[in-house]
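The structures come next, written out as structure tokens.
Two complexes come next, and they have one chain in common, subunit A, joined by subunit B in the first and subunit C in the second.
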Partner chain A sequence: MTSTTEAPAGAGRGVSTPVPPRRRRKIRADDVGRILFVLPAGIAMALLFGYPVVKNVLMSLQEYTLTTFFTGEAPWVGLANYADVVSDPIFSQAMLNTGLFTAGSIVFQFAIGLALALFFKQKFPLSGPLRGLLLLPWLLPLIVSSATWRAILEQDSGILNQFLGLFGVEPIGWLVSPSVALIAVIGVNIWIGIPFNTTLLYSGLQSIPDELYEAGALDGATHAKAFRYITWPSLRPVISVVLILGVVYTLKVLDIILGLTGGGPANATQTLATQSYQRSFVDFEFGHGAALSNILIVISMVFAVVYLRRGRQAADE
Partner chain B sequence: MKRRIVTTLAGGLSAALALSACSGDDGTGGGGEPETGDVTSLSILDYYNNDPDKTLVQEGLDACADELGITLERETVPGADLIQTVLQQASSQTLPDVLMLDNPEVQQIAETGALLPLDEHGVSTEGFAQGIVDASTYDGHLYGLQPVANTIALFYNVEILEEAGVEPPTTWDELREAAAALTEGDQYGMAFNANATYEGSWQFLPPMWTNGGDETDLTSPEVAEALQLWVDLVESGSASESVINWTQGDVKDQFAAGRAAMMVNGPWNIPALNETPEVQWDVVQFPVNEPGQTPVAPLGGEAWTVPVTGDEASQAVAVDFVECLNSPEQQLDWAAARYTVPTRTDLAEEYLAERPEMEAFTEQVANARSRTGQLGPEWPDAATVIYEAIQLALTGQAEPAEAFEQASSR
Partner chain C sequence: MTTSTNAATTTTPATRTAERRRPSRDQVSLRKAAMTAAGVAILCVMLFPVYWMVNASLQPSGNTLNAALIPLEPSLDNYVRALSEQGGNLLTSIVIALGTVVFSLLLAAPAAYALAQFRFRWVPVALLAILISQMIPGIVIANALYSAYEGLGLLNSIPGLILANSTNAIPFAMLIMRSFMLGVPPAIVEAARVDGAGLMRTFISIVVPVSRNAIITAGLFTFLFAWSDFLFALTLTTTDEIRPVTLGIYQYLGTQVQNWGAVMATAVLSAIPAIVLLVAAQKYIAAGATGGAVK
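Moving on, here comes the complex of A and B:
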């Protein structure tokens, strides 16, 4: 943005006087064209993203309840909704859980995704079909995945505990013990997130020219060294995209947690997203729900801004 | 100020219309009387979206439509989506002419002003069980009427109990002993649902109310004692730790698969249980803590209401339609077809002659209490405290008494 506006100004200053007006006129015509091209997308964005966001902010400042839907009356309460949700003891637990859920998911999704991407980079028979199979978790509707995993993790008859039982392990309350449930939910989310990481990282790996490795090999850079000095640096832009998008997606995960534990047991897997859902669509306190989701949006925005800046840096390079 | 004038005007207008409607009944005909003859069709919204209920309810609805000489446009949505659908329709002013609501939701919706007070339109509650009338009454007015009710009681597997030489329990001590005796291998003695939803709270009400506990004071020793029963059953291993995640459907599946010898559940499972004839079952009322107590269970079932759509003629027909659904003949038909209990208490004998297996439920309904009877639209808050406390106690994070204090301090 800054570079495009500065460049003509700087150019204008350097050139003799009759030129700039003509240039300026030309730029204006260009701008109209550009604006016309951007306008439909801008309107669509405003309607599809702007309206809900603004509405959500307004809602969080109102006492928006069941009655509002019938009478249209929602008194303004200022920041009371925010004060209410933040002072709720569940809020700090939900914040902590959101942090643990996001960090845990991202670290393992990424590490496993990268390992698999590197593995599939090697040429071996059936690597194509296997890579296709790997996409399965991503293609399944989340509600199906969570129902299946719920059955797998069931304490008494779930296949995981039956399998562990073969090795003499006592049944573990994957979804019913507050100390284990969050780990189980993170585990399932990792499983769901691996294909996304693998796919993007794999395509990133594909774009690294083989010549780099050949040249590196001549210099004695093989395996670990090649990864450290060639793969990792070349993959960096993709990695930052994968991580930042992953964080934004994971922060707002709702269906998996609802499907597996519903936020329980005893709020052990409650996150900001599930709390927001609970407040809005179970308790029908839409103002509280909106306040929580706005807090979530602000947290996501931090990462989105980082993502945009990264993207711009990459473009500038 | 302006608004007040409008409401006064609207109030006066509806009173006038109500009066004229009454005068219309005795055939004299009034000036502002709605032309109900022009109404040929009513729209209906309910959540019986799965068979067999969907079809069985359709039969009942059709019978009344025929009687009134109208056709129906029925929409069914999944249970969890009903209120959201109602809210969307309310904000776009497309509410149906007849709306089914789960009975604890009637007062919440009535509070918003969306429902027509049926008592002002000549609907009488004479002969109905008091709990049923309480559930649909808000601020002194009747906003809905439910033809049939259900509740929960204790199902048991006849074969398993006989083999173990265990009698169906009548007290909590007997329940604990029986559950322990019936637990072996893959089979638990008892199954119930204690998940973190209103469903979990609903299943806790039989022990809580039977023991004299009350939702107006959830920190009383009676309530804590009831929670102790749930904790004992799980801690002793007589019930699975998974009860904190189970729905009532899961509980029924465990029972039907022979993995639970007893369960707390409702009669809507009877058609499904009849599909597994290898499981022979029977039902008793939920046991009492001390001999001499009366088993008190929560009233379930759905009420039919008439939303305020502004179309006076359709509203009048809708009121007639709701009355028809609640007529004695309809109640008996619905109850028999769907294993529920007629809400007109004088029908009990006639009903049991036809459905003897419903005896325990019919007795239990006679003393059943509505969830919203005491707290009205505030009930959901109490229900939330109840299920949170259950979760805290069953996961060992708090003793029962503490659990309720902790949950209610939120």
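Moving on, here comes the complex of A and C:
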């Protein structure tokens, strides 16, 4: 396009207004117009993110229940909501489940995602279209995936148990037995997360220059060595981004668990996110729900800080 | 692995070093065919649940208990039932998703351009805020919006859900479009400015057409996000009046499922935007991705 030929003339910015004082005056006049470009989005972000975060902190310090909506009264209770939710026996279970759900999902999503990215990096017919179709589980609405997996995992009629039955395995209550429900839910979440990992890691692999591998081959690097000394180190910035984004997204997962088990059976799949939903929108204890979700934010932010640090390091390198 | 395929792709002209180790042409094509077969096998495993969803939706019995592996006698009964029970909800979802696209893009496109091209001092701060905003759990937003909506009368309303869905959509659309708009040459905008066009006019008549692919990409993903929304539908509606289809599916799942066929037919109908995006709009996804990758 013409745009590329004109691009080097980008220095022409100053040409129309070469004298510094004049330029300054002009920019000040423009500034109002320029601010109008970001103002609507800025206001929306403040209303839709800033307000909820602040409001959530305030709610967590109040006795905010359904009656608040009728009486308008929400007495201050300090940290009592936090004390209540933390001392609840379900809390430790929810913390443990959140940890297992997140760690289990991330490890397998990443390992399988990386294996698939390496596989599709090779050149073979239909590699592109096949990789494209692989995205489908990621694009489907989560509740659709949940519904589909529930049909597959049904104890009596599900295809998975029918399939396992061929090998003489007794029907397993994937979603109704407390001992396996969390594993089943993690498995579904892994399935949903694989395409995201594959896609990001694949684009990371694409950016590793072929020359590195050619030089490695001349030096006699085997496949394993090429992976260890070339692929892995070159991919490291992408890997940390993928892992940390994965953690932050997985911590707040709600649709999948609600669709599959609703947090049951016997709280076996209850996480901080589902617990927060439960307290706010089922029990209508909004103060308790807010306290739980604030704990979730703090945990997310720890990973967010690591992410931002890593991002800066990658930019510096 | 990668090294050997690289050697293989440099086919005819004899490169000195790899000469001896290069496999014969037959071996290469055999190997590639095997890899394509492996790729197809991987895809079959990964997409089996999607296949099963479609298969179950076409089973005449309406129950997966005796579902055949292949719908030998496909029936559209489940779709008839799904459309009669969920048709209104599908329509609600379409309206909400389109509304979210329009609202989000109207706000995000100028802001994305400003973040890409204007030399504001606080651009890094704004980008940081956008990144952090993506890490806030939706339940936090829902919690606060519920109480605010209660007062504003926005519960059970389409504008309420459009606003809520925009929380995810606006920052995401800004990031996608900004990474593309970094590549818009300032010179073409300057030229229009010199001719006397105002900032907004320049933006609409020059930046928007040039960034068309990025805007379409952001719009498609925004549609998909809003279409897929479950959390806000679940928390910010309390009656049957305004009910997106995701919530309709959840209600099907709420009790003991009597008719998996209807559930799966609704699921298939709800999967259509994702499938369309994947199959028909891939060039926009690619355009957006490379647009972002260039800068």
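Some points to look at:
Following the convention adopted for this analysis, the second predicted complex is superposed on the first by the 272 of 317 C-alpha atoms of A that agree within 3 Å, B and C clash if a C-alpha of one lies under 4 Å from a C-alpha of the other, contacts with A are read in each partner's own complex, and residues count from 1 in each chain.
The rule is short, and it goes like this: a residue touches a chain if its C-beta (ideal position, glycine included) is under 8 Å from a C-beta of that chain, and two chains touch if they have at least 3 such contacts.
Values in this document were obtained by computation on a predicted structure and should not be read as measured data.
Model built by superposing both complexes on subunit A: subunit B and subunit C clash. Of the two partner chains, subunit B and subunit C are each touched by A:154. Looking at the shared chain after the overlay, A:194 reaches subunit C, while subunit B stays out of its contact range.
By the touch criterion defined above, A:69 lies against subunit B and subunit C together after alignment on the C-alpha atoms of chain A. After overlaying the two complexes on the shared chain, residue contacts for A:166 are found with neither subunit B nor subunit C. In the superposition on chain A, A:41 makes contact with subunit C only, while subunit B stays out of contact range.
Here subunit B and subunit C are compared by how many residues of subunit A each touches, and C touches more.
Shared-chain residue A:127: touches subunit C; no touch with subunit B.
Look at A:56: by the touch rule set out above, it reaches subunit C but stays clear of subunit B.
Once chain A of one complex is fitted onto chain A of the other, the partner contacts of A:141 are limited to subunit C, with no touch recorded for subunit B.
Touch criterion not met for A:224: it reaches neither subunit B nor subunit C. The clash between subunit C and subunit B in the superposition falls on 149-157, which is one of the stretches 5-13, 23-31 or 149-157.
According to the touch criterion, the shared surface of subunit A, contacted by subunit B in one complex and subunit C in the other, consists of residues 69, 154, 156-157, 281. Subunit C meets subunit A in the complex at residues 1-3, 5-7, 9, 17-18, 32-33, 35-36, 38-40, 42-43, 46-47, 49-50, 52-53, 56, 63-65, 67, 106-108, 110-111, 113-115, 118, 120, 126, 128-148, 150, 163-164, 166-167, 170-171, 174, 184-188, 190, 193-194, 198-200, 203, 210, 224, 227-228, 230-231, 234-235, 246, 249-250, 252-253, 257, 260, 263-264, 266-267, 270-271, 274-275, 277-278, 282, 289, 293.
Put simply, subunit A touches subunit B in their complex at residues 66-67, 69-72, 88-90, 154-157, 173, 175-178, 261-268, 281-284.
Of all residues in subunit B, those touching subunit A in their complex are 83-84, 87-88, 90-91, 108-109, 111-114, 186, 195-197, 240-242, 244-245, 259, 380, 384, 388, 391-392, 394-395, 397, 410.
Interface residues of subunit A facing subunit C in the complex, by the touch rule stated above, are 2-4, 6-7, 9-10, 12-13, 16, 30, 33-34, 36-38, 40-42, 44-45, 48-49, 51-53, 55-56, 59, 64, 68-69, 116, 118-127, 130, 132-137, 139-152, 154, 156-159, 191, 194, 203, 210, 213-214, 216-218, 221, 223, 226, 231, 248, 251-252, 254-255, 258-259, 273, 276-277, 280-281, 286, 289-290, 293-294, 296-297, 300-301, 303-304, 308.
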